[in-house]
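The structure follows.
Chain naming follows the written order as A, B, C, D, E and F, and within any one chain the residues start at number 1.
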Amino acid sequence: MQQHSRKLVTIITEAVIEKELIATLEKLGVSGYTIADARGKGHRGVRNTGWEHGANIRVEVVCEDSLARTVADCLKERYYENYAMILFVTDVDVLRPEKFTRERGTTP
Amino acid sequence: MQQHSRKLVTIITEAVIEKELIATLEKLGVSGYTIADARGKGHRGVRNTGWEHGANIRVEVVCEDSLARTVADCLKERYYENYAMILFVTDVDVLRPEKFTRERGTTP
Amino acid sequence: MQQHSRKLVTIITEAVIEKELIATLEKLGVSGYTIADARGKGHRGVRNTGWEHGANIRVEVVCEDSLARTVADCLKERYYENYAMILFVTDVDVLRPEKFTRERGTTP
Amino acid sequence: MTALDPVILFFLVGAAAGLARSDLRIPSAIYDFLSIYLLLAIGLKGGVELAQYSLVALLPKMVAVVLLGVVLAATAYPILRRAGRFKRADAASIAAHYGSVSVGTYAVALAYLGSQKVEFESYMTLFLVLLEMPAIIVGVVLARGVTAQTQWGRLLHEVFAGKAIVCLLGGLVIGWIAGGDGLTSINEFFFDLFRGMLALFLLEMGLLCAAQMSALRRYGLFLIVFGVLMPLFAAVLGCGLGHLLGLSPGGTALLAVLAASASYIAAPAAMRISVPEANPSLSLAASLGVTFPFNVTLGIPLYLEMAKWIHRQT
Amino acid sequence: MTALDPVILFFLVGAAAGLARSDLRIPSAIYDFLSIYLLLAIGLKGGVELAQYSLVALLPKMVAVVLLGVVLAATAYPILRRAGRFKRADAASIAAHYGSVSVGTYAVALAYLGSQKVEFESYMTLFLVLLEMPAIIVGVVLARGVTAQTQWGRLLHEVFAGKAIVCLLGGLVIGWIAGGDGLTSINEFFFDLFRGMLALFLLEMGLLCAAQMSALRRYGLFLIVFGVLMPLFAAVLGCGLGHLLGLSPGGTALLAVLAASASYIAAPAAMRISVPEANPSLSLAASLGVTFPFNVTLGIPLYLEMAKWIHRQT
Amino acid sequence: MTALDPVILFFLVGAAAGLARSDLRIPSAIYDFLSIYLLLAIGLKGGVELAQYSLVALLPKMVAVVLLGVVLAATAYPILRRAGRFKRADAASIAAHYGSVSVGTYAVALAYLGSQKVEFESYMTLFLVLLEMPAIIVGVVLARGVTAQTQWGRLLHEVFAGKAIVCLLGGLVIGWIAGGDGLTSINEFFFDLFRGMLALFLLEMGLLCAAQMSALRRYGLFLIVFGVLMPLFAAVLGCGLGHLLGLSPGGTALLAVLAASASYIAAPAAMRISVPEANPSLSLAASLGVTFPFNVTLGIPLYLEMAKWIHRQT
C-alpha cells in the first residue's frame, strides 16, 4: 500500500452553526467533510441536551497541510470568540491523495 | 503507562454496505471495530438524508501495521470504484496490545 | 498558525457507565470531553442493540501528555477488567493550548 | 385551576425529574416529532376556520399584531440595558426572545381555553405566525444597527424557512384548502391525540426547564424578576390591543398569551447566528427557565381573567 | 380530485419546504417508525380479509402477478438502454426499480379508494408482497447475466429478510390469525391513525422528493419523460391483467397502481449491493423525483378511471 | 388462548424476524418512546383508581410486597450458586433480576386481563413500583456484603431517579391528582392507543429476545431451565401472597405475574454499575431470552388459572 500523508482537521462545535460552518469550509476549498452528532463539555459548559441549541457536532476534514492551516486560522478567527468550538489537527495517511487536494477555483 | 503503538484505520462510507463491510473486516481478522453514524460530502456528492440510502457510517479499526495495510488495500480494491468511501490511517498508542492483534485462524 | 501539541485520548466503552466515566474524568481534571454514540464489536462480543445495555459510547479527551497518561492508567485500572472498553492515544496539534490544560484544584 | 390540567402536571413531573437529576430523557427525535406534530396540528386547526375570513379584511389586524411584536422587543431592550445592565448584544437578544412567541405556551393556552369552553377567533394562529418574525429583526437591529454587514437575506430565510413557520403555514394552507370535512380522515391523529402529544411535549419541556436552573442561579435575581414581570406587562399590552381590535374575550386572552410568551426555538437559533456575541444561556434561562413555567401554570389563567375583565369594562 | 386529499397536500408542503431549502427534517428514527407502521398496518388490514380466501385458489393469480413484475422490468430495460443510452448496469438497476413496487404509493391509493368508497379485493396486499421481489432478480440478471459470481443467497436474504417484506408478511400473518375481532383492541392505533401517519410520511416523502431535483437537473430530460411514461404504460398493463384476472374495478386500479409504482426502498438497497457499479442517484431521481409525485397526484385517480373504463367495456 | 392475542403475535413476529437475521430494527428513539409511553400509561391508569384507597390502609400490603421481592431474590441466589455453579457476582446479579419486575410483562398481563374481562385491584401498579427496587439491593448485598465500599447513595439514586420509577410514579401522581374526569382529554392517547403501542413494543422485544439466543446457546441448558422454573415458583409464591392479602383473583394473578417476571431495564443498569464483575449477558439471556417469552405466551394465562383455582379452594 503506497501511502501519502495528509492532515485530519477535527472540529467540535455547536450544532446550530452547522450550515454556516460547512459553507465556510467549502469556500476554503475542502474536497469533502464528515459530520457526526456529539455532546460534551468545555469552557462554555455542558452541551448535551437533545435539542439543537445544546447539541454539538463533530466535523472532520482531510486535506493538505497548507489547507489545514488555512482552515484552522480561518475558523479560529471567525468562531472561537463567540462559539463553543475546539479544533485539533492529526497526521493521517491516505490511499488516494488526489481525493484530498484543494478544489480548483476556490479562494485560499 | 507503558504504551505500544498500533494503527487506527478510519473508514467513512455508505451505510448501506455496513453488513458487508463488517463481514470483510472480520474475514481479514480484525480483533474488533467501532461504528458511528455520520453524514458528509465528497466526490460522490452530499450524503446527509435521514434514510439509509443517503447516510454514511464511520468505522474505526485499531490493529497492527501489517493488518492495517491489508485492510486498506483490500477495501481500496473492493469498494473504492463503486462506493462512496474514504479511508485514512493514524498512529495510536494503546495500553493492551494483545487486544489488537490479528485473530487467529484468519486469512491475511 | 502557531500550533501546540497535545494528546487526544479516545475511549470506547459501554454506554451504561457514561455518567460514572465522566465523573472520573472530571476528577482527574480534564478541561473537557466529547461524547458520541457508537456500536461495535470486541472481545466482549457485539454491542449494537438500540438500547442502552448493548450500546457503546465514544469519548474523546484532548489534554496534556501527563494527564493523558494519568487518564489511561486510571481507566485501565478501574474499568478494563469488568467493562467492555478500549482506549487509544493520538498526537494532535491544537491552536489554543490554554484550553487543554489541567483544571486547577483537581487531584492528579 | 389549570394547575390541575393534566398536561400541566406532565410539565411539573418533567421539571421534578430534571431537578432530581433523573436519567429520564425524551430522545431528540421524539422531541422533534412532537414539535412538528404540534405545529402542524395548530396550523391545521387554524386553517380550517381561516377559510371563513378574507385575508384583506384581516390585514389591519395583522399589521397591528406585527407592530405589537416590534413594540414588545423595543420596550424590553432599554429595560434590560438599564435595569439589567446587560451588554448591548445580550439585551438585544433577550428582547428578541420576548418579542417573539412560544408555540408550546400557545398550545397550552388552546388546551386551557378548550377545557374552559371559551370561544376565540380562529385566525389567532395566523397571529402566532406573524409574531414569530418581527421581534427577531428588531433584536438584530438593536444589536448591530442597520449595517450592510448583517446578512439580512440569510436571516429572513433562516426564520421563514425554519421548521416553526414552515409547519405552521403548511398546516394553515392544508387546513384552509381541505376544510373541515376534508380533514375528517386525519382528525383522530391531529386533533384527538393533540393533548396527549402535548402532555409528552410538556414532560420534555419540564426537563429542559429544570436544566436551566444552574444558569439561572449564575445570572441571578434580575433574570427571574424580568422573566415574570415582562410577560405580565406584555399580557397587558396584548389584552389592550385585543380589546382595541374588537377580539372576543378568548381571542383577547390568546393575544395576551402570544405577547407574554417568549420564544425558545426560532429566536435562539436566529440570534445565535446573527448576534453570536450574545450569550445564549442568558436568554434561554429566562424564557425556558422562568417565563415558560410561569405562563403555563399561572399566567394563562390570569390572562384569561384579564381579558374577561377588560371586556366587562365596556 | 385527489389534489385536495389532505394527505397529498402534506406531500406538496414537504416538497415545497424542500425546494425552499427549509431546515424542516423528519428525524430518521421517525421516518423508520412511520414506514414500519404503514407496512404493518397495510399487512394487518390485508391479513384480516385474506382469511376469506384459500391461497390455493389464488395461486394462478399470484403467478400472473409475479410474471407482471418480470415483464415490467424486462420491458423497461431495452427502453433505458436504447432510448436512454444508459450503461448496462444503470439500465438494469432502473428497470428493477420500476418492476418492483412502492408501498407509499400503495398506501396513498388505499386512502384514495377509501375516500372514493371503491371496493377492492383484500388479497391485493398479497400482490404487493409478491411484486417486491421478482423485478429485483431480473435487474441483477440483466446487469450480470446468470453468473455464479452473484451471491444469490445473500440477495434473496437481503430482500426477504428486509424490513419491507418482514413487516408486510408479519402484518398479514397476524391479521390472518387474529381476524377482524381479534384486532379490535388495536384498531384505533393501526387503522384510525393510518391516514394521519400517512400524512406525516408523505411530508417526509416530499422533502426526499425535493432533494432529488438537483440530480434530475443533472441527468436531464429523459429520466423525467421515462418517469412519467413508464408508469402510464405499466398501469395499462396492470389494468389489462387485473381485468383478465377478473378483479373488481377497485382491485384492477390497485394492480395498476402497483405496476405503475417504482420502488425506493427494497430495490435501491438490493441494487446498491448486487449491482454496485450502477449509479444509485439515477434510479432514485426517477422513482422518487418523478414517478412517486406523478403517481400520488395525477396517476392514482387516472388509473382508477382507466380501471372503471375497462370494466365498462365488457 | 393468549397465543392468539394479537399483541403476542407481534412478539412472535419480532422474534421470528430476529432469528431470520432480518434487518428490521425499531430505532432506539422509538423504543425509548414506547417504554416511556407504557410506563406513563400504566402509571396514569393506576393513579386514577388509586384515589379511592388510603395509602395507610394499603401499608401492610405494601410491606408484604416488598418482602416478596426480597424473598424471591434471596431464594434464587442459593439455587444459582449451588445448582447453577455460578460465580457469586453472577448469581447475585441474576437473583436481583428475578426478584425485580418487568413492566413489559405486566403490560401484557393487563392487556390479557382486559380481554378476559377480569377485574383487579387498581393499586397493583403501586406494587409494580415497590417491587422494582428491593431485589436490586439484595442482589448488591449478596454480591458485596454490606461494605461501606458500595456507594449506596448512588445506587438508590440510580434506581429511584431511573426512567422506570420516575415515569411510573409520575403517572401515578398525575392520575391520582387529575382523576378519571381530568384525564378524559388524554384518554385517546394514553388508553385507546395502549395496546397498539404495546404491540410495537413487543415487536422490538421479540427482536431483542432473538438476539439473546447465541448467548443462551453459550451458557447452556441450566439458564433455560432456571428461566422457566424460577417464574413458575415465583408465581406460586405470588399467588399465595395475593390470596393471603385477600386480593381478587385478578389481583392475585397480577401479583403472580409481578413475582414471575424478571427485570431487563432497572436491574441490568443497576447491576452493571454496582456489581460490574457480574457478566451482564448471563442475566439478560435468562430474563429476556427465556423468562420474558415464557411469561407472555404461556405464563400469564397459567398464572390466572392458578389464581382462580386458589380462590376456589376457599
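The rule is simple: a contact is a pair of C-beta atoms (placed from the backbone, for glycine too) under 8 Å apart; a residue touches a chain by one contact, two chains touch by 3 or more.
Only a predicted model underlies this, so the values are computations on that prediction, with no experimental measurement involved.
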Chain-contact steps, minimal, separating chain D from chain A: 1
Any chain in contact with chain A as well as chain B: C
Neighbouring chains common to chain A and chain F, by label: C, D
Chain pair, C-F or A-C, that carries the greater number of C-beta contacts: A-C
Approximate Å spacing (C-alpha centroids) for the pair chain B, chain E: 35
Centroid distance [mean C-alpha coordinates] between chain E and chain D, Å: 41
Whole-Å separation of chain centres (CA-atom averages), chain B against chain C: 20
Where chain D touches two or more other chains at once, by residue number: 23, 25-30, 32, 188, 193
Overlap residues in chain B, where contacts from two or more other chains coincide: 36, 90-91
Arrangement of touching chains [line / ring / star / complete / other]: other
All touching chain pairs, where touch follows the definition stated at the start: A-B, A-C, A-D, B-C, B-E, C-F, D-E, D-F, E-F
Contacting residues of chain D [partner chain F, same complex]: 4-7, 9-10, 13, 16-17, 20-30, 111, 114-115, 188, 192-193, 195-197, 199-200, 203
Touching residues on chain C, where the partner in the complex is chain A: 1, 3, 6, 8, 22, 31-36, 60, 62, 90-96, 99
Chain B partner contacts - residues on chain C that touch it in the complex: 10, 12, 36-43, 48, 56, 58, 69, 72-73, 76, 80, 86-91
Residues of chain B touching chain E in the complex: 14, 16-17, 20, 45, 49-55, 79, 81-83
Residue ranges of chain D in contact with chain E within the complex: 27-30, 32-33, 36-37, 40, 157, 160-163, 166-167, 170, 173-174, 177-178, 182-183, 185-186, 188-190, 193
